[in-house]
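Each chain gets a letter, A, B, C, D and E, in the order it is written, and its residues are counted from 1.
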Amino acid sequence: MTSGDCVETLLKLRADPDATIWLDLQEPNEVEARVLSEVFRFHPLAIEDTLQDYGHPKIDTFDDHVFIIVHGIDFTRLNLEKSLDVFTLELDIFLGDRFIVTHHGDPAMRSVADLRKDVGEPGHRPWTSVRILHRLLDRLVDNYLPVMDGIGARLEILEDRIIHDPEPDLLEKVLEAKKSIQRIRRMTAHQRLILESLARGHLELIPRESLAFFRDIYDHFVRVADLAEAYREGAQSAVEAYLSMSANKTNEIMKSLTQISTVMLPLTFIAGIYGMNFDVMPELKWALGYPFALVLMAVTAAAILVWFRRRHWL
Amino acid sequence: MTSGDCVETLLKLRADPDATIWLDLQEPNEVEARVLSEVFRFHPLAIEDTLQDYGHPKIDTFDDHVFIIVHGIDFTRLNLEKSLDVFTLELDIFLGDRFIVTHHGDPAMRSVADLRKDVGEPGHRPWTSVRILHRLLDRLVDNYLPVMDGIGARLEILEDRIIHDPEPDLLEKVLEAKKSIQRIRRMTAHQRLILESLARGHLELIPRESLAFFRDIYDHFVRVADLAEAYREGAQSAVEAYLSMSANKTNEIMKSLTQISTVMLPLTFIAGIYGMNFDVMPELKWALGYPFALVLMAVTAAAILVWFRRRHWL
Amino acid sequence: MTSGDCVETLLKLRADPDATIWLDLQEPNEVEARVLSEVFRFHPLAIEDTLQDYGHPKIDTFDDHVFIIVHGIDFTRLNLEKSLDVFTLELDIFLGDRFIVTHHGDPAMRSVADLRKDVGEPGHRPWTSVRILHRLLDRLVDNYLPVMDGIGARLEILEDRIIHDPEPDLLEKVLEAKKSIQRIRRMTAHQRLILESLARGHLELIPRESLAFFRDIYDHFVRVADLAEAYREGAQSAVEAYLSMSANKTNEIMKSLTQISTVMLPLTFIAGIYGMNFDVMPELKWALGYPFALVLMAVTAAAILVWFRRRHWL
Amino acid sequence: MTSGDCVETLLKLRADPDATIWLDLQEPNEVEARVLSEVFRFHPLAIEDTLQDYGHPKIDTFDDHVFIIVHGIDFTRLNLEKSLDVFTLELDIFLGDRFIVTHHGDPAMRSVADLRKDVGEPGHRPWTSVRILHRLLDRLVDNYLPVMDGIGARLEILEDRIIHDPEPDLLEKVLEAKKSIQRIRRMTAHQRLILESLARGHLELIPRESLAFFRDIYDHFVRVADLAEAYREGAQSAVEAYLSMSANKTNEIMKSLTQISTVMLPLTFIAGIYGMNFDVMPELKWALGYPFALVLMAVTAAAILVWFRRRHWL
Amino acid sequence: MTSGDCVETLLKLRADPDATIWLDLQEPNEVEARVLSEVFRFHPLAIEDTLQDYGHPKIDTFDDHVFIIVHGIDFTRLNLEKSLDVFTLELDIFLGDRFIVTHHGDPAMRSVADLRKDVGEPGHRPWTSVRILHRLLDRLVDNYLPVMDGIGARLEILEDRIIHDPEPDLLEKVLEAKKSIQRIRRMTAHQRLILESLARGHLELIPRESLAFFRDIYDHFVRVADLAEAYREGAQSAVEAYLSMSANKTNEIMKSLTQISTVMLPLTFIAGIYGMNFDVMPELKWALGYPFALVLMAVTAAAILVWFRRRHWL
């Protein structure tokens, strides 16, 4: 379709009072930018935020439409087995009375792809724009929970392993996880507010009878935000556990060193004494001098070991 | 009873203006799902939240009923002797003017079981639905306090033991307790808001004269939430105590090592000197050379011990 | 007085429009429970909270009276010399237009005892119930300040001692103090809100011209709450100081060990060399071989000490 | 002046509709207490707060006057060179339509003294009471900034020195500074609210056209409060830096010990071998046995040093 | 231009109802101070805040104009390669209906310089004062983002390097960065509120149709403030990582020391035994005594190494 054709088709659809348009843009080119400004007459700033990555969720109300940016899990870059780094994908939504325009950087964005299967290819459809919005957000939010659970499970394993052996590479992984979780937490804090304003009926576009559905999405997302907060505390706990277990390990190592030194130094000292070259050293002349020295050493060692046991060091 | 019978009986009861229904579902099957949707005409989303575990407390107001999820202690999985892990059990409540439908995963959920004894088997009863709600919440909240006290007592013991001997398995227990307490704290934060909205009279279903009873429940739960917060601080304190006591233990061990080294190394050195093979070493020829060396060692050791005492190291 | 007499007398007094009743219960028995419910017709839940320890401050408004729980210092169990553990005592107050009923577990509760001296034995009196409430709260709050100052002074001493010698028993005391202070802090946070609502005139029972007096109490209590917060920070600081000073002590001990090892090991090594039994070792034949070895050792030790001084380790 | 004269003169002035009175009390005696109560008829509680140190900033509105307590820097006890301990001085202000009564413990309180120079000795003056209040607060707040800057500069130096050498006396100074800063921070938090309520026009005594001046004072004080918060974070950072640098120092010391031990122990061992008294030890007979042993030691030492360098330990 | 000329010209322009004035002052001298007070009749306090550095962002509303202080990045002092110290430059703005007066200490302030290029030299222009304000703030805020990204990238590198080798100079850099970030964070917290009040339409000077543009600026700045918060957490994490990695390094060093001591001390002890001078020591007479001793040593060393491996210490 040429640029002109496309714009014209859409303008016709826009004029049709019975048509609901869902336009899903993936990499907006000039034609699509023209569509946004000429067919839908969106605000230049909203279009600009669409054409480039904006960075965090927001909602902007305009005269006849709403501009929403939400973030979904970026499943393409997700591999919890290897790293707890979780990235999110921006989904820009223009919601109008009888149209919904979506834009996302990744053509495979799961929540959109899933919905496309449900409603067939985009175009005319009996669904209202609010219903499409609801289904999009519903899937997008639902996709968070398994990922959050995965993070929680991995974090649990990491902390467990730290308690049993505080290896520095475990700390590195926990610090990475903490960073990733803090990123998610900041994002969820913003997104939560947006979903709340949808659920509270602040937007006139959403009819009262649909609010329960958006409240449901909001409730689910509160849970996601809650888990993000919990995992942040968990990661912090794991860092503290690392420090504590390291201190413990230091003590273990120090104890070994102290034990070996405390046993060996006196023995070596006794050997040193009988290694002295004095002309007059009676023990050296004894027939049983050597066994005597060995017994002396054994007794000393035994005494030290008993003393260790008394101090609960063995 | 067949599915149809059951639905019909309930529909008849629903129609009877003098009947109050308490329906207690344990593992909702298809029949029960039909009851929820056909007899009571609950919102599909609320039914969905009931059929599966939702995860955290919430309250949703619908036209003629309220949907409440609260959490009670899961006594089946509770064993404070062995672990401070406390799990909660979801109780889903649909409260209407003349009916109350409850659902809980565990048939033995204590607060519900207790109440069943009081009111006999469910069915027609002179109690109003609000009174049943009040009694349910009252027991559910009351069951928290002994558990919280148990956690507090165990935590106290753990911290005490840590201060006297910072063993790593104590730290592990404290970290586990902290995690469990944080879970409870997050849950109580949500549940508190729900009980508050009941106590504040936000629900029209609860008559003004009953508010004092719900305020009482709320006040008790505030205390639970307060204790959860206090124990979180306590667990954190215990972790810090562990770190401090570990540092202290390190110092104790280091001190031993330093003492033994500081005493033995100079003595061994003296023995080493008189173990040298120089042709001309006057001391070696002395008749009292050996006793002299031993005395020299004893004096050296005494001097070091005096120096230790001066530095308050012994 | 028999139960019936007592109830009758009080009912008569209640009926007298000129009488103000102050009833001070210490260990409510059945008679007194009857009085509360039959003479004053208090809410059963409030009576229940009175008969047993409730746990934290609260305020409940009823139709013709207010139910207030405040906490005062428990002087019987206070011994700041020995421990910073501070316990509080519950004072339950029913405030009506022309009556005030107080209850406290300890007959010697200082604020009540003081006031009783002022107003003579309870019974008829010209004081209004609000004036009695004001005087009770005034004394109760004033009793906090010397205790808080005592805690502050002890905490200061503890931190000072920790900085000069981080003994583990100091840490134990600080951790105990921290726990006690956190308990006070949580209680003051609740109590502050209650005094604020009295000072803000939320209760119709308190006439506008008396508000200044309650604002004064509130201002004093804000100071108590402020100090509780400050001491919590102070206790936390002391714990951190302990950790830092322990680290410092570790370094001091380690330094000693390193110094002694660094000086003795090379010397012992030199002695070891001249203790070797090679047939051909020219130094051993030297007339001044032994002094040479001693000088070599002295020079080595001196060099090491100079090197220490250069690294600012001595 | 006798007590009676004084009271009479002031009563006359009070009656004069054109007179504005500024009365500056320094150590209120009985006469002055009488003046406060008889001439100005202040509330007994406010007079009580004036006669004794109250402790923290507050504002109380009465029918025809306002009672304000603000805190200024106590320059007499300030010596930032020696310690970061900053104390504040209470300034009690009664502000009326045509009078302002100030009280401060220290006669030399700088902000008041400065203003007295400007307006000559207290008594009749063309200045309105609000203008005097503004000038007082203006100076009082302005006096904070150089002190705060001084604290900031000292803190910076302390942290710098800690990073280069974590001496325990530096930690002690930082902990002291932290305590002082926390005290200031708590006070500024209260004072800020008071200045805000003046700037927001909550007091009817302050005419709308003067609000800009009080807003200016408020803005300056926000900066003071901001710095207090910043320095608290800074002091905390310094404590953490101390801990980190101590850990670093431990490592440095440990490294030295490990290096010296790792080099000397093997050498001493070799010397020990050739110090053994076996009848048959071929090396001992070698003409070059001794140099061989020395070379063996040198090679061993070199190998260890190379291994150190490989592990980046030298 | 003489002072009089300048003032007159501006007065004429002020009187012209079609003219919009943008006056950009760089180092206000007396003439300019006269212009501010005589031509524009600004409030003396606002002029004072302009003539000297004020310190943090603020907004003040006057009758016919608004006084705004915002902070932009000081690019002249920015060199992220060398240090993460970021300074900000004050931009004072007087915004009126038909005029905008800006003042900034650095003539090269980037956001102003950029805009000057766009609109040519200051003077008459068709742009409204609000549009100039918008463009100024837009550029000023946009200049933050690359700087924040730079800080984030450097911080990431620092933390990475700390995890691999906790050098004290890295800690120093992180502590410096933390201080700088905290400064930015405090400033952004204030500036954010100011931009929010512009975006929310609190100023009558900004027409409703322009609000979207200011909302856009606000949204961008929220992101800056968000990043500042994130980096503060990041810097804190890096400090904690340093501590943890130091503890780890201590363990590594200690392990080496323990290993070498545990291996060498027993060997030296064996050598010491056969260095004793007893007359009767059968082993010394054995033909294979020496090899026997060496084998004994080797076996001992091997046993110790095996024991190490068992404890996962090698």
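We take it that a residue touches a chain if its C-beta (ideal position, glycine included) is under 8 Å from a C-beta of that chain, and two chains touch if they have at least 3 such contacts.
Computed from a predicted structure; not experimentally measured.
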- prompt: Which neighbours does chain D have in common with chain E?
  reply: none
Task: Compute the rotation angle for the C-alpha superposition of chain A onto chain D, expressed as a multiple of 5 degrees.
output: 145
Field: Cα-centroid distance, chain A relative to chain C, in whole angstrom
entry: 39
Statement: Expressed in whole Å, how far the mean CA point of chain C lies from that of chain D is 24
Query: Can you list the chain C residues in contact with two or more other chains?
result: 243, 247, 250, 254, 257, 261, 265, 268, 272, 275-277, 281
- prompt: Across the complex, what residues on chain D touch chain C?
  reply: 43, 45, 55-56, 58, 60, 62, 165-166, 168, 171-172, 175, 178-179, 182-183, 186, 239, 242-243, 246-247, 249-250, 253-254, 256-257, 260-261, 264-265, 267-268, 271-272, 274-277, 281, 283-290, 293-294
- request: Sort out for me which residues of chain A touch chain B in the complex.
  value: 159, 163, 212-213, 215-216, 219, 222-223, 226, 229-230, 233-234, 237, 240-241, 243-245, 247-248, 250-251, 254-255, 257-258, 261-262, 265-266, 268-269, 272-273, 275-282, 312
